[in-house]
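I have placed the structure first, in the form of structure tokens, so that the comments after it can refer back to it.
Per-chain numbering from 1; labels A, B, C, D, E, F, G, H, I and J assigned in written order.
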Amino acid sequence: MNKVEMTETIILAKNELGVSWAQIADAAGLSEVFTTSACLGMNSLQPEPAEKLGAFLKLPVEAIGALQTFPHKSWEKTVPTDPLIYRLYEIVGVYGPTMKELIHEKFGDGIMSAIDFSMHIDKEENPAGDRVVVTMNGKFLPYKSW
Amino acid sequence: MNKVEMTETIILAKNELGVSWAQIADAAGLSEVFTTSACLGMNSLQPEPAEKLGAFLKLPVEAIGALQTFPHKSWEKTVPTDPLIYRLYEIVGVYGPTMKELIHEKFGDGIMSAIDFSMHIDKEENPAGDRVVVTMNGKFLPYKSW
Amino acid sequence: MNKVEMTETIILAKNELGVSWAQIADAAGLSEVFTTSACLGMNSLQPEPAEKLGAFLKLPVEAIGALQTFPHKSWEKTVPTDPLIYRLYEIVGVYGPTMKELIHEKFGDGIMSAIDFSMHIDKEENPAGDRVVVTMNGKFLPYKSW
Amino acid sequence: MNKVEMTETIILAKNELGVSWAQIADAAGLSEVFTTSACLGMNSLQPEPAEKLGAFLKLPVEAIGALQTFPHKSWEKTVPTDPLIYRLYEIVGVYGPTMKELIHEKFGDGIMSAIDFSMHIDKEENPAGDRVVVTMNGKFLPYKSW
Amino acid sequence: MNKVEMTETIILAKNELGVSWAQIADAAGLSEVFTTSACLGMNSLQPEPAEKLGAFLKLPVEAIGALQTFPHKSWEKTVPTDPLIYRLYEIVGVYGPTMKELIHEKFGDGIMSAIDFSMHIDKEENPAGDRVVVTMNGKFLPYKSW
Amino acid sequence: MNKVEMTETIILAKNELGVSWAQIADAAGLSEVFTTSACLGMNSLQPEPAEKLGAFLKLPVEAIGALQTFPHKSWEKTVPTDPLIYRLYEIVGVYGPTMKELIHEKFGDGIMSAIDFSMHIDKEENPAGDRVVVTMNGKFLPYKSW
Amino acid sequence: MNKVEMTETIILAKNELGVSWAQIADAAGLSEVFTTSACLGMNSLQPEPAEKLGAFLKLPVEAIGALQTFPHKSWEKTVPTDPLIYRLYEIVGVYGPTMKELIHEKFGDGIMSAIDFSMHIDKEENPAGDRVVVTMNGKFLPYKSW
Amino acid sequence: MNKVEMTETIILAKNELGVSWAQIADAAGLSEVFTTSACLGMNSLQPEPAEKLGAFLKLPVEAIGALQTFPHKSWEKTVPTDPLIYRLYEIVGVYGPTMKELIHEKFGDGIMSAIDFSMHIDKEENPAGDRVVVTMNGKFLPYKSW
Amino acid sequence: MNKVEMTETIILAKNELGVSWAQIADAAGLSEVFTTSACLGMNSLQPEPAEKLGAFLKLPVEAIGALQTFPHKSWEKTVPTDPLIYRLYEIVGVYGPTMKELIHEKFGDGIMSAIDFSMHIDKEENPAGDRVVVTMNGKFLPYKSW
Amino acid sequence: MNKVEMTETIILAKNELGVSWAQIADAAGLSEVFTTSACLGMNSLQPEPAEKLGAFLKLPVEAIGALQTFPHKSWEKTVPTDPLIYRLYEIVGVYGPTMKELIHEKFGDGIMSAIDFSMHIDKEENPAGDRVVVTMNGKFLPYKSW
């Protein structure tokens, strides 16, 4: 079973059971963002959380195996078209140079890792309209000379 | 004075005075991220913070005026090449569908605004290597039917 | 049932019943533009209008469900080729900077929302050739500093 | 004087006199949108409105001549990056097929002209946030067989 | 039956009957170019010529219906690769600015319509090698101010 | 003097003398289209017509020389943006396969040359709106086996 | 049978019979390069060599017919990735301007035809490593004024 | 002196002296193609031929030095637009797979080197129109396993 | 059996037998990198190692044949998206000019062959985190004049 | 002084003194590859090696400062055209999936860092032609769940 079929199987099971990503993540013992990204085929799970997640969603064994295989991370559109995802791309375009400037000032020459990295997405209730709060936490990797 | 010349003038003044973006932001009474993005030409300032920032950096009056003109937000590379900025693009590619999935589950159909939006960049000290913490906060805009 | 199959099902039903988009929109209690865009898979419906629309077109229950799922908005061609759609793209190219200039003058720094947004398409009869009237109405979202 | 220099000359004069696009359009006897687009170099003016506009802004005679030369309409970015203009591009992507569907139903096979075309931009005051109203009016051009 | 299947059906029928495009066009009472483009799915026919064409080629009723549906005009390659079609693209590249210059001089600011448009392709016999003669006839659409 | 400077020199001289492309072409003893394309730098002239054209426009000797050098034919935009030129590109997209089909039927396998080629642009007066008539005439080049 | 199926049929027959392209070309009475390109679907054969080739390879009659239909020449990758084909692309990039310079000097303004054209590929044995010899022979087509 | 200035200097000297590429190549003791490509900045010369060529064209010493520096081979257009160079690109597209097929059959798995490579361009006189003969000779480089 | 089916067959057999690429390479008598690349369809094997590899993995005879056919090397994404492969692309972008500079200084004008080439990938254990060691070894191919 | 001017200054000084990159690297106390990349503007130096390098090459103080500023890593061509750099790109295309497969097998899910990374380029003398040896050494960064 490849990652695409795995994702379809999981979404189907999720809809049938009527559970949320938060519940699935709890069952796996991981965060919502990481669990969802693994179910969408962009990350792999260790055997234990894969088994737990599979038991919770009553997945076939092939899907549990597919959750553990290494993903080939691929996205089709260089510039995303979905408005929700495009806004994130726009933030990178508008604020990317600002982030570079500030990270260099605070940390020196280097980058924020996208591998040793975690992210959370929260809801901030607000009478003027609820707000999405995205928190990214990535290790600073300094350039070293040799 | 256009935005490009304004940025060069500001960077020169900043280097000469040996001040940080945090100090410039304090002088303007705004956050680091927003102040830096305005100095890099990607946002405009209201008259008061523009005057304060200009006084702090001893900018010529044309630069203070340029800080208040509406920017044309533009980035040259569809796929950024600088490693620090590329990692952000990669995060959008890898986690974009996950963010879409979770925001829809938590908020319903809609997007996180990139306009009614703020961002902060912090340093988290860590013996295994310091970490960059990026916090984004954007208003949820629901799709409405008509 | 995915959105593509849903659209095919709806178009088939529409042709069989010989009804117009205006009639379908009336059944759903919504505007023509929004209803059509939801039927083409670019927007989602609330349960009530989805049920009404489904009843009117005698859609299977899976199609009624598909009308309510969150769409992934995607278009294949960066520059559209169909002459009708290309003309709209050309208008954005030719008049985009003009619209930016005038909206900034009338409203200040900010954008017209494409989410808190509605559109209508009307026919203006004219002896020299009928005319298409497109009216867009989007909330102004001001950039705020933080 | 080419169109780029003409635009710079006009913007300078506009800022010096402190007049709005609406006032300039009144002086020329034309609409705001068309006048602004001609001043930005995307349309040409007939001799009379060019003279009136030039007199109002005290333009040099070369600028008045440049307003009357045929423009070469060109835009640099296939996908616009400025958020205000991108939202318009997004509307074409999301609602283009809907507009095609409805125009064909109302008018038959053909297109809305982008040449025999006019546009207006208005401000609709609203306590929940002002709204931008864009009205486009283009001649329907039917495909004819031969 | 969609346009692609319709084209295959027509080509098959054409080959079986051993008729030329000129004969098919005669049957439909239309020109060769327009008839061929409708059979290739790029234009739609009115009911009467569709019926006549269908009777001549003994097409199934679905194909006759498909000839009347509105086409979505689409081409796959931004720069065509087939040598015959590329030469036409090259002519636009090499002579486009010349055509713009001459049309503006002869007609004023405006364009040649590609909608209110007809084309013929003829063979000119020539002992030094036969020649292809392409005649395009499009309505001049003037830009008007408003 | 390169081709770009040559074109600027010629346009200046043309405007000063107030002559049309037709008059310049007459002076050179060539057609309007070819003469204009040579003046825009896309074709080269033989010495005699270059001298005649130069004498008529009172060009400097360097410009007369530049008219005779071999051009490097280049266009900046893969998909043209100017509406007049885009319409020609659209015609190639929409009618290219039709032209291929008809030329193959009438001539066999081969192409219409864009080198052994001529073009004329004429105005057809019409009470419903004047029409642009473009006539292309290119040698048929058959594919031969070897 | 379309050209893709034809090519698969021919390659299968070639492998089964264990014959070389040179033998197939001999059977058809044509050169290796042209015969191979026709079998790969990029050129069409006249009836006689198609019959001979088909008899030699024991092809079904549909494949023999497919060899005679006009090809739509198409390549998927604008910049080829296969190293053998990329090297040819690189030669065009590196030596293209040199070839233009020398052909213009030797022949005047014009091009080398890619239609009235032949090519041969030979092996030159060499103790330091065998060498590939490619010979192209194309008619010079002069630009003519009109 | 960089390569671009070097080329300009050489072309100027060549035109002033009225010499051909063949004469320049003779002076350098090299072939026409290689010499021209070095003068156009795409290859470097050894000191001896650089000195000879420089003496023949009376080049300044900086130009002679520039002939010996390593070039950065770069071409601006992924798909060339000049018709002469495009035809070469088209040949790669149409005949590339044929060349791959035949080289593999004659030599085994490997490529024709574009580095250990030479090319000649000759004129073949022909009453039906002169012909351009291009001969490429590149070392076959076999893939080896390890 | 084509290369894609061959790769699937091999991966399946590898997973069933639970063997590593190192073991497969040993069975074939070749290096890990070359063997893996041949199994992924990017290189071809000689008959002997193909037979040995096939025997070890118990492959069907068609897969053993497919291992020996010449590959068409193709990659889908001009800029790779998978983070592991993108990092390699980034290294080429950041260090490519450095490598050019140093190879020219050490070897003269020429390139490192990607054909007469081998690569090894090793693991260097390190308490601060294991390290990947990639060693490439390619023949220097000097540019020669002719 | 920006990075581009710094590079020009350094290359000039290097040529005047007639020193190699190896000698410059020795003076800076760093490796050849890192030193060269910093001089080409793709990395930054710490103050001490910058001072030593500057003293050795007798650079102006602005150049020594520029060596220490954070670079914006940028490359112009998505697919490089210079043959030496293209071969590296080709290696990523051909062997990228192989490297991914082997690194995952040896290390688990993760990537080779391009930041905590070093590279060396050596010459291996060989009677059949010298060979370029490139050694890359990058930290393995495992994906971790959260």
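The working rule: contacts are C-beta pairs under 8 Å (C-beta built on N, C-alpha and C of every residue); 3 or more make two chains touch, one makes a residue touch a chain.
Note that the structure is predicted; figures quoted are calculated from it, not measured.
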item	value
Chain pair repeating B-D, as identified from F-G, G-H or C-E when over half of the contact pairs by residue number coincide	C-E
Of F-G and E-F, whichever chain pair has more C-beta contact pairs	E-F
Rounded Å distance, chain B centre to chain I centre (Cα mean)	42
Interchain centroid distance [CA atoms averaged], chain A/chain G, Å	49
Two or more partner chains touched - positions in chain E	33, 72-73, 75, 78-79, 81-83, 90, 93-94, 100, 110-111, 113-115, 141
Touching pairs - complete list by chain label	A-B, A-C, A-D, A-I, A-J, B-C, B-D, B-I, B-J, C-D, C-E, C-F, D-E, D-F, E-F, E-G, E-H, F-G, F-H, G-H, G-I, G-J, H-I, H-J, I-J
Complex contact set, residues of chain A against chain C	77, 79, 81-83
Residue ranges of chain D in contact with chain F within the complex	72-75, 78, 114-115
List of chain H residues in touch with chain G within their complex	20-21, 32-33, 36-37, 40, 42, 73, 75, 78-80, 82-85, 87-103, 105-107, 110-114, 117, 119, 121, 123-124, 126, 128-141
Chain E-facing residues of chain D, complex	30-31, 33-34, 38, 43-46, 49, 70-72, 100, 104, 109-111, 113, 115-116, 118, 141-146
In the complex, chain F residues that touch chain C	79, 81, 83, 86, 90, 93-94
